[in-house]
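Next up: some structures, all given as C-alpha cells.
Note that chain A is present in both complexes that follow, paired respectively with chain B and with chain C.
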Partner chain A sequence: MNILICIKQVPDMESKFKINADGTWYDRADLAWRMNEYDEYAVEQAVRLKEQVKDADLTVLCIGPDQVTETMKKALAMGCDRGAHIADPDSSKREPIEIAAMIAGFAKDKNFDLIFTGMQSQDRGSAQVGVMVAELLGVPAVTTIVGFSYDNGTIQVKRELEGGSKALVTVTTPVVLTCQLGLNTPRYPTLPNIMKAKKKELLTLAPDAGGVGPRQETAAFYFPEKKGGGLVLEGDVPELADKLIQLLKEKTGVLA
Partner chain B sequence: MEFTREIYWNVGHGFTTLAPMYGLLLVALAVFVLGFRKRIKVYRLGQALDRTDRRGERIKHLLETVLLQAKVFRVPGAGTAHALFFWSFFVLFIGTSLIVAQADFTDLLFGIKFLKGTFYKLFSLTLDLAGLVAILMLAGLLVRRYLVRPQGLVTKGDDALMHGLLFAILITGFLIEGARMAVTEMGTPLAAWSPVGWGVAALLAGVGETELRTLHLGLWWFHLLLALGFVAVIPSTKFRHIVTTSANAFFADHGPTGKLTTVNLEDESMEKFGANELTDLRWKDIFDADACTLCKRCQDRCPAYATGKPLSPMQVVNQIGEIAFATPEANLIDTVGREAIWACTTCRACQDICPASIEHVGKLIEMRRNLVLMEGEFPGEEVMAAMEQTEVNGNPLGMGYASRGDWADALGIKPLAEDPEVDVLYFVGCYASFDKRNIAVAKAFVTLCQAAGVKVGILGKEEKCCGEPMRKMGNEYLYQTLAMETVEIIKGYGVKKIVTTCPHCFNTLAKDYRDFDFAIEVVSHAVFLEQLVASGKLSIKAEEFACTYHDSCYLGRHNDIYDVPRNLIRAAGGRITEMAKNRDQAFCCSAGGGRIMAEEKLGERINIKRVEMAVATGAGQLLANCPFCLTMFEDGVKGANVEEQLRPRDIAEVLAERLAPTNS
Partner chain C sequence: MKTLLVAEFREGKLRAEYTQLIAFAQQQQAEAAMFLVGAAGELPRFNGSLYLADMAKYGEYNPTVHKQLLLDAIAQEQPEQIVFLHSSYGWDLAPRIAVALKAAQISEVVAVEDGLPVVPVCNAKLRRKIKATTAQTVLTLQAGAFGMDADPAGTPTVVAVETNASGKVQCTGYEAAKIEGVDLTKAEVIVSAGRGVGKPENVAMVQALAKALGGEYGASRPVVDAGWVDHNRQVGTTGSTVTPKLYVACGISGAIQHLAGMKKSDFIVAINTDKDAPIGEVANVLVVADLKQFLPVLTEKLNAR
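== the complex of A and B ==
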C-alpha cells in the first residue's frame, strides 16, 4: 500500500503575531513552529494503518522553506518512511490551488492508494487543499473524518457534519481523506524512532505548480477590531425589561 | 586470689572439643560463603556501576552508618532499640572473640592470659550488661512487632526466626554462665561482677553439682550450635542485612544529591533506554533489595503513599528483589505498576531517611525513561501535551516563547542579548516567567536585587525550561536537548554567577548540567538574598509577622538548605511556627518529579494535605521558596477552603515589602 501524507508547518497559535511589512500575511519573526494539528491526525492515522496492514510505504510531503524539514522529522519519527520536501520559501503566499497543484504534480505518477491530510491549516484555514488535490488527481475525497477503519481494501470513515451529526462513508482506494480533531490521539515519538528518523530519506524538490498561477490578491491583513464585550441579561421578563431600560438610560442617549 | 575464670570449664579443651567446634564453624562459614556466592551472581545480573571509588569517604560513611548506627538512630523508638541491640550484640561478639583469642591462641600457643585481674572484672561486667541490654531491646522490638503492630509493618516468617534465634542465643548464654557460676563462683567476690549470671546462679541454687555440670555441658554445645546456625543462615534470611546493609553503606551514592545519571544519547549502538527488565537496572539496584530490612521508614514518609496512591518505595525495592531472585524474566514495569511509577514526586524523603543507603528514586526514573523513550507513554495526555509545548515553546505551560521576558519590561532589566555586562544572571524559570502568581515573586526578587545595587540580567526569550520536570518524568531526550541549548547560550555570554528563584532550576543547573561541561556558580535566591543582607548591601526593616515555613524538597533534602531561609524570615521579623513535618522530614507539595505537569487523579490531594498542616500551625502565612510549591499551595488553599486563613507567599515577597528606605 502506497500512502501519501501532506503536512504543513504552522506557527504555534500562542505566538505573538505581528503583521508583515507588506500587510499581506503575518511576520515570521519570533514565532514558534509546529506541525499543523490536523495534519498530526493524518500522520497518526497513516502510521496506524501501516501497523495494521504491515505492508505499506508512507511518504510525508511538506511545502515551505528549509525550516519545515524540522517538522517533517517529527512525522518521520512518528513512523513515516520517507520525506518529500518541496522547497518553496514563498509557500505562504501561495493560494490553495497552487499548493494543491504542486502536491498533485508530485503524486500523479506515484500511484498513491491513500492520501491523508489535515482538514485545514491552523494558520490560513482555507480547508481547500485536500479536496483540490483529489479533484486534480481525479480521485474521490472524503473530508473532516473523525473515524477510520480499513479492511481488505475497503475503507470506512466517519465524517463530522454540521450541527453535530455524523455520516458513515464507505470508499475504496484511491482516495483523499482530510482529518479532523477527534480522529485519534497522535503518538509521542519514541527515542529509537527519533534516531532512525534522522537517517530516513528526505528528498528536496523544486516547487512546480504545473502552470497553475495565482488567481487572487490579498488586499489587506489586519487584526480584528477590539470591541467591548457583550452583556447577557438574566431573569424573568419584567425584570429584564427594567434592567434594559436602566442600561439604556445609563449608557445611551436613546431615552433622553 | 586472681580474678579470672577457667575458659572451657566443664567442656574440656582437648581435641574432642576443638575438633568438632572448629569443624562446625567451618561448615557454618562454608554455608555462609556459598549462600552469598549464589546471591552475588544475582547482583551481577545488573549493569556495571562503579561504587568502589572515593574509598576514604566510603569507609568513613560505612563506619558511621554501621558502628555509630547514625542513620538507624535518626528515628527514635525502634531505631534506638536497634542501635542499642546492635551495640550490645557487637560487644558480646567482641567478648566472645577475646575468649577465643586467649583460649585457643595466646594461651594455647604462648601461655599468655589477658582475661584476668581488673580487666577481667570489667570484661565480665560489660558482657553481662550487654547481654541484658540486648535481651531488653529485643523484647521491646518483639512487643512492637507482634503486639503494637505499627501500621504498614510487614512481618514474615524470617522475623519470628530472628527473634527466636537471638533470644535463644542470649538466654542460653546466661544459663551457661549461671550454671558455671553456681558451681565455681557463688560466694566469691567475683560473682558480683557478673550480676545477671549471679541472678541465674541464684535461681539454680538448689541443683546439685552433677546436674549443673550436665546442664552446662549440654547448653554449651546447644549455644554453640545456635551461634553457628546463626552464621549459617545469614545469607538466606533477613539476617543478611548485617552484611548487605553494612556493605550498602560502603556502596552508597555519594552524590551530588539527587543528580540523575545522564544517558549517553550520542551512542548510536544504544537500542534500549531505561529499564523494563531486571537486567536493565544496575547491580546496586538489585543489591538494594537485599539491603532492605522492610523498616518502612521510606513508606511512612512517602507523600504518594500517605495520600492513598499505589506507590510504596519499600514495595518497589522489594518487587525488584522478588524479580531478581524468583522470576528474573518478569516485566519490571508490569510488576511495579504504571500508577506507582508515575506517582513519585522525587521528593527524596524515602532516600533521605533510608538507613540502608537504598536509592529508590533512580529506579523509578529508569522505569519512567523506558515508558517515555521506548513507548511514548505518559501518565496522562496533559503530560504529553506539556512535553510537546516544551518542544515548541520551551515551556510546559504552552505560552509563546517570545513573551518569556515580558514580565520584566517595566523593571529596567534587560536580556543579556542587549546588555551582557551584569553582576548576576537571573535564570527565571518557566513559572516565574509566565505564571501571574509567580511573576510577582520574580518582580519582588528583582526589586530586592536593585535595592542592593546588584545589576541583574535575564535571558528573556532566549531562556528555555531547564528541563527538570521533563527529565524527572523520564524524558531524557527532551531534557538533554534543552540542557545543551541552555548551556551553550549561558556560556556564550560569559556569565560568572547565576541566581534562581526555582529550586528545581537551581538543582538542575548546579548539578545535572555538570555533565555538559557547565561549571558556572549557581545560587538559590534564598542564599543569595541572605548573603546580601549579611553583607549589609540589602537592608530589611524587621516588621513582626507570624508564619510557617515549607522546606521545598529541592532546597531542603536535595541541598540541605534549611537555616538560611529561616534566618531570612527572622531578619524580616517573621516568627516561625514549624509544621510537624519540617526540614529533612518536610512533606512534599506534590509538584516535584515532573508532577507539576500532571493531574493528580489518584487518592487524596497532596497539596491539600500540606496546606492543612500549615493551617494547623495557626500562622496566617505559609512561606515558600519554590514556584511549584507556591502554585500548589495557592491551589491547595482553595481546595481546602482556607483562603481566609492561610496566605501562601515566597520569602522574596515578604522581604520586598520590608525594604528599608535607602540612605538618600
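== the complex of A and C ==
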C-alpha cells in the first residue's frame, strides 16, 4: 500500500502572538513550533495501518520554510518511511486552495491508496485542505474521522457528528481521510526511532500550485476586543481564594 | 446579494440550526433561497425558493451526490454566495463546492464587518477579516454566531432537484452518543478540567473542588481524548451543552467548541495562567493563577466554611 500523510507545522497555541509588520498574519518570530495536533492522529493512524498490513510505504509531506523539517523528523520517528518537503518560505501566506493544489500536484501521479491528514490546522483552522486535495485528485474524501478499520481494500470509519453521535461510513481505496482529535493515541517517538529517523530519506521539492492562485485576501488581522468586561483577579493565592469566595457569595446562589 | 443557504437533515430530521442561516441572510439583507437534501414532510419555515432533493433517494451523507445536487441548484439560482453551517455536514461539503465553482471559501465566519466576513485564527486568539476576489463565495458559519430573535415563519416554494450522480462513500448507519451515568445538563454547579491540569492525577483537584461546591465535575475535549475523564463528562459541541448556575473552568483555554457548550452558564469563573486565553471572553471572573496551587487552597477554604 502506498500512503501519503500531509502534516503542517504550527505554533504552540499557548504562545503570546504578535501581528506581523504588514498586518496580515501572526509574526513568526519567537514562537515555539510543533506538529499540528490533528495531523499527529493522521500520522499515528497511518503507522498503525502499516503495522497491520506490513506491506505499506508511508510518505509524509509538509509545506513550509526549512524549519518544518524538524516537525517532519517527528513523523519519521513515529514511523513514516520518507519525507517530502515542499520548500515554501511563504507557505503561511497561501490560501487553502493553493496548499491543496501543491499537495495534489505532488500526489497526482503517485497512486496513493490512502491520504491521511488532520481535519484542520490549529492556526488557520479552515478545514478545507484535505477535502480540496481529494476533489482536485478526483477521489472520495471522508472528513472528521474518530474511528478507522481496514480490511482488504475496504475501509470503515466513524465520522464525528454534533452532539456526540457518529456516522458509520464505508469506503474503498483510494480515499482521503481527515482525522479528528481522539481517533487514536499518538505515540511518542522512542530514542532509537529518533536516531533511525535521521537516516530516512527527506526529499526537497519546489512549491508548484500548477497555476492555482489565491481567491481571497486578508483585509484586516487583529486581536478580538475583550468583551463582557469580566473581572480579572491577580495576586497572592490565599487572597485570591478569599476574593473569589466573596464574589461567589455575592453573585451566585450556590454558597447559600 | 443573492444567497443560497444550505440546510441540513440528519437521522430523518431537519436540523433546527437552519434558522442560523436565515438569521445570517436577514442580517445581510440578502435575497435568500435554500437548498436541502431532506423530506417534503419536514420543510423549513422559510419564505422563498427551496431546492429540495429527496433524502430517501440520495442518502444523508453522500458527498459526491449532494455536491452534484447542490451544483444543479446553484446553476439554477445563480447565487453570489453559498452559505453553510460550519458543521460536520458543512465543512465536508463546502470545499467540494468551492473547488467545483473555483470560488473563494471562507470558513467559520463569526461576524460580518464592513461587509466582509471575519473568522477566528489560532484557537480564536486572533481574528482575520477576509475579502474574496472571486465573483462567487462559499461561506461556513460558526455554530451559534448568528441567531434569530423570533421563531422562523413562512412556507417555502419547493423546486425539486434530481441527479443521476453516484458516489463511492456509503453511510451505513449511526452510533448514538453515550449518555449513561452522569447528566451534566442537570447539574447546578460544574467544575471542569482542561488541558491546563497537566496530568491525570491533577483531575482529583478538580473533583475535590466540584465536591466542595456541591456540584459535578466535567472536562474539555483534550482531557477526555487523553482518557483522563469519561466522555459523558465532556462539555462542548461534541459533548454536553450546559447552563449551570456556576461554571468553573480550570485550565481551559476556551476553544470555540468548548465555549459553545458552556457560555450560557449563569456565572462563569475561569482559572488560568494565561490572561489572554479566549475563555476570558465569556468569564465573569478570570483568576490568574496556577491551578495546582490555587485549587487546593480554594477547596480547603470552602470546606472550612
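Assume the second predicted complex is superposed on the first by the 228 of 256 C-alpha atoms of A that agree within 3 Å, B and C clash if a C-alpha of one lies under 4 Å from a C-alpha of the other, contacts with A are read in each partner's own complex, and residues count from 1 in each chain.
Note that contacts are C-beta pairs under 8 Å (C-beta built on N, C-alpha and C of every residue); 3 or more make two chains touch, one makes a residue touch a chain.
In this text the structure is predicted, and so the values were computed from the model without any measurement.
Undergrad: By the touch definition at the top of the document, which applies to A:Glu14: first (chain B), second (chain C), both, or neither?
TA: The answer is both, since A:Glu14 touches chain B and chain C.
Undergrad: If you stack the two complexes on chain A, which partner ends up touching A:Thr170: first (chain B), second (chain C), both, or neither?
TA: second
Undergrad: Thinking of the overlay built on chain A, is A:Gln128 touched by chain B (first), by chain C (second), by both, or by neither?
TA: The second partner, chain C, only.
Undergrad: What's your read, chain B or chain C touching more residues of chain A?
TA: If we count touched residues of chain A for both partners, the winner is C.
Undergrad: Taking the superposition on A as described, I'd like to know which of chain B and chain C A:Leu191 touches: first, second, both or neither.
TA: A:Leu191 contacts chain B only, not chain C.
Undergrad: For A:Arg34 in the superposed arrangement: first (chain B), second (chain C), both or neither?
TA: A:Arg34 contacts chain B only, not chain C.
Undergrad: Touching A:Phe223, do we find chain B (first), chain C (second), both, or neither?
TA: After superposition on chain A, A:Phe223 lies in contact with chain C alone.
Undergrad: So which bits of chain A does chain B touch that chain C touches too?
TA: 14, 16, 185
Undergrad: Touching residues of chain B toward chain A in the complex: what are they?
TA: My answer: residues 265, 268, 271, 273, 372-378, 381, 384, 387-388, 392-394, 398-403, 461, 476-477.
Undergrad: Give the list of chain C residues in touch with chain A in this complex.
TA: Listed in rising order, the residues are 10-11, 60-61, 63-64, 86-88, 91-92, 94-96, 98-100, 102-108, 114, 116, 119-134, 143, 167-179, 188-189, 213-215, 221-222, 224-225, 227, 231, 234, 237-239, 245-246, 253, 266-270, 274-276, 278, 280-289, 293-294, 297-298, 301-302, 305.
Undergrad: Inside the complex, what are the residues of chain A that reach chain B?
TA: 12, 14-16, 30-34, 185, 187-192, 194-195
Undergrad: So in the complex, the part of chain A that touches chain C is made up of which residues?
TA: My answer: residues 11, 13-14, 16-17, 19, 26, 95-97, 100, 119-120, 122-128, 131-132, 135-136, 140-144, 158-172, 175, 181-182, 185, 214-224, 226-228, 230-234, 237-238, 240-242, 244-245, 247-248, 251-255.
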